[in-house]
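Every chain is named by a letter (A, B, C and D) in the order it is written, and numbering of its residues begins at 1.
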């Protein structure tokens, strides 16, 4: 910790700060050549510096300790998560698509082939749904997990779905490839500690008003438990603007690329909440450098059990994939999208 | 649901909306005398109206259903929670005070007598601590609950403390009078469902960026489970301002007094994060109509294991209680504060 | 400026920072005894430190310079603005009340006697109205100023009203005692510079998303011009919450009391936007330490030309004044409110 | 206006609302077939509905009137602003680039050739600078306008720069092609009214916490004055996140494309504040559908008089243009960028 005194700080004030820090277990060094006086305090792990900030003569307190011990760039340059042949965090932009909620095997079988054909690698779908109101549909539960696994296997896809309760962990370990932690649970530390003990990838969504720092510290809970396969997912933050459901904070992507080695994906479906805004923001996320996308699609969005209005039609998803492929090429990233329409070809 | 069409809406557009709603199970009524056309749709529980909002010719969609079925004023005029001789939600402003974290029996014995003597009724103290960083002190756990109970009993106080994990519920039922749900867990629906099953009061803190509506819907999870003894606690929301730790939203108090029968208390310690701001905001909260306060105090704040900088010194707490008593009198509320200083007496 | 290097910073990185700062005109001092390395840079006025923050090996940059040269506590302990017998910033909490918009002489004559009788000192009323939509009523203009002056003089009141355009300054200097700068113009630097040249008090409202720091720097524009009679007015900030019009940030009051010598008042009418919330928040503002209040009242709010829904009825205003008097007594402040109701008397 | 009563509203309450609206000049129609009761109120221009919202039995009030009379899609499908050969709002994505502040003729001559060569059409540079602190560099003033004009003409570029004071308008009309209104002045209605009278394009930046609605209503001030050549510019909004200077709200772009015919451009330089984030967000803005970009570049950013840390080096600007060209092709937009690097070519 570095304590910077005000230019007018009296010697008695400097002495009081020095004494308080020494009694808290710090070793103090005073800079001889600098005005204002700067005190370097070594030791005293986890000291709450607000006490010092309130002392007379103190201008500023700066903590130097590296907070992102395991998620920071010093620990590792880049994490590439390998699940079978899929690599998240590598050169490919990985697309995870599917319905908001798993409704039935029939429903998933109408969606999964398009996910795959257009280049998606991972099937998404909610089985346990966190709902703001206790009176809303809460998901199919474990039955949903089984359906996801079955239909994904039929089409050569991986499975991602949200876990809300550590008690459900055994079923998730049986049926799921990537466990998703939703925005509301980003700081559910009991859940994070349990997920730190497993050895399957976890996708950690940003809390609706989480700072980048809080988000990375939440990921530390997973990494500190020994689970290093963590994917961060930007899904929109809460701002004063109400015309959009959330404000998708794409500037988090280049920022995180500098701070952490963890892959970062974006969820433009929840980030915007409106179907017509999903594709522009999906393109923008890839252009900004996202390692992947989480996209809601449905064969009949108007009949979806939840979040239909933000779900793409299957043909919209296909068109989006073609646009993403071109955008990926502008920045040296691969998006697998085999069925290029001639009209969109590059001249 | 009421659908209001735009003044220019064509008959074909009106017909399309009508048809979509009918196919979703609604019975439709069209207003003959109103321009623009208004459609009343009866039935179709829980329909996601964003689909309708995106249709051509639709100006606005309004949901009428009463969302706060159990927490709203229609269900009950006012909830008064009775625990022994203490009543929360009645004429008295109830003060809950104590350290941020339970550190030891010795520590609590230095604080509890002042809590009681100055008029406090409930002893607070954290035994399970939600910490942003996994490397910070996480609390004494069940040992802390036992210490709280013991020292509170010695001084005729009740006990409030935070629960983070439903797995700890048996110990909380043994030792605690009011179970606190922290801001980070306000939408931990798994935890809320479990707490809805018990029959002890729950204090539900507002999430750091929760709207009033989301907060009341979270309380519905508790009430829907049959636990009607819910206390709401405003503890500061996240805004763009960084000079204060949070922005204590006192305007939530008069607003909630109109919307809900549940008692509402304020936590100016977490709401401000700075000792010198706690007393002014505690006074303001009572002046705004709060039914109680949650206050952090410590006999030696500078040595506190956590949140010392926002903890009041014991004598500050006593002075605050005297001021609160006078403010309470301005609005017909009682604050029990027996040791009035002559200098503060009302002329 | 203090530059704190990371613990791992290489000597070459330290040298690069040193060189860049020297070439920008700074004299550099390196702390010999501190780890990590701390560089003190003297000189180089107004340097944009983001350049340094982006250099390799830099952990943190701290600016020490005192930004609030004239509005800060170092310049002066407390400003008391004297206008005739009224003192703002002294022991009395000064109430400024009146309608949102000046509508006519008749209207003001129905309101002004109550303003005075219940203890108010200053008559408010808008003559130039900043309206979000160009199609809304824009105020009576200079005619409104004349009406305000005339009716205020008849009742022994001072006049406060909003100025939007420096071109109107001559009329304001003729008819107005305190010139109000609205939230939307808090950073209209052209206007602020002109108001810095006059010698009448200016009330500077906080911008709707202004930080405390930006607000004090805006007041610096006035003070730097030589106009030291500046009153700050908290009027609610923009947050994600939509059930209240704005979020009245009362924690700004104790914070500003530590940072600046300028008086600080609150506007609970604009701060809440709803009549029934105005009185609780007015009480809370005084309890938090405000030096005054700006309150909208109207003899017939339901017929007011603007902001009727947030205007108090005259009898509500009188009741509020009685409550404020008692609250003031709890903190040693005077609120002049002569007509005490027996029912509210202190037992 | 549509007033929706609660399901429990008594006839007396319905009558009270009806009467109040009739006395305010509305003609009332009551829906016979709809439950709850819906009242259609015709007339009563600009009525403040908060008064009705506070009445007993009222569930919701909905305003139907079209607020964006001139900026909305009903008035016009798409505005294409033509200045010489440059068209803003057409198929081409128009790049406006240059230094934050005009420093000298020499400086601009080092930057302008690259602006042009890489495909930029408009030279930007601040001559009047709005500065948060009164002690910071305030710009070269009219001398800066002359330099901009001269150097732009030498290189076949147009000129855009910010106007802060209507008093400077004659000089702007002489030297400038597009007048920029900064974020702090978005609701400086006096200035907007003056700019509504001229017949030169105005670029209106979004206020730092302006809603989309407030922004479009501010543009109405310009359009209502008869100036239809208005460009909207997203430049980042204020949120709780502090690691980025502002949060560039790219989702505003697809949203505005549905609401308004006005062209919309993005300013990733102010939107991020950090050089390394500018290019990813510039790419994202084009991918999201922006009609143009406003970009700060400098031949020696580290020596720039202002905002150097967010200014691109000239070669970074060139690389960005090549990437933008490819991204434009993915969505059928043209970005003129003649010097394609082979390494970035599409395979």
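As a convention for this text, a contact is a pair of C-beta atoms (placed from the backbone, for glycine too) under 8 Å apart; a residue touches a chain by one contact, two chains touch by 3 or more.
Just so you know, these numbers come straight off a predicted model, no measurement behind them.
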**Message:** Applying the document's contact definition, name the chain pair with more C-beta pairs in contact, A-D or C-D.
**Reply:** A-D
**Request:** Determine, among A-B, A-D or B-D, the equivalent of interface B-C; equivalence here requires over half of the contact pairs to be the same by residue number.
**Result:** A-D
**Fill in**
CA centroids of subunit C and subunit D: separation to the nearest Å works out as 28
**Complete:** In whole angstrom, the CA-centroid distance of subunit A from subunit C equals 39
**Item:** Set of subunit D residues in contact with two or more other chains
**Value:** 209, 238-240, 242, 276
**Request:** Please name which positions on subunit B make contact with subunit D in the complex.
**Result:** 2, 4, 6-8, 29-36, 38, 40, 42, 59-60, 62, 64, 66, 74, 209, 238-240, 242
**Request:** Would you tell me which residues of subunit D are touching subunit A in their complex?
**Result:** 209, 211-213, 237, 239-244, 247-255, 258, 271-272, 276-277, 280-281, 283-289, 323-324, 326-327, 329-331, 344, 346-347
**Prompt:** Considering the complex alone, what residue numbers of subunit D touch subunit C?
**Reply:** 20, 46, 48, 50-51, 53-54, 67, 69, 130-137, 164-165, 167, 184-185, 187-190, 193, 208-209, 214, 217-218, 220-221, 224, 238, 273-276, 301-302, 306-310
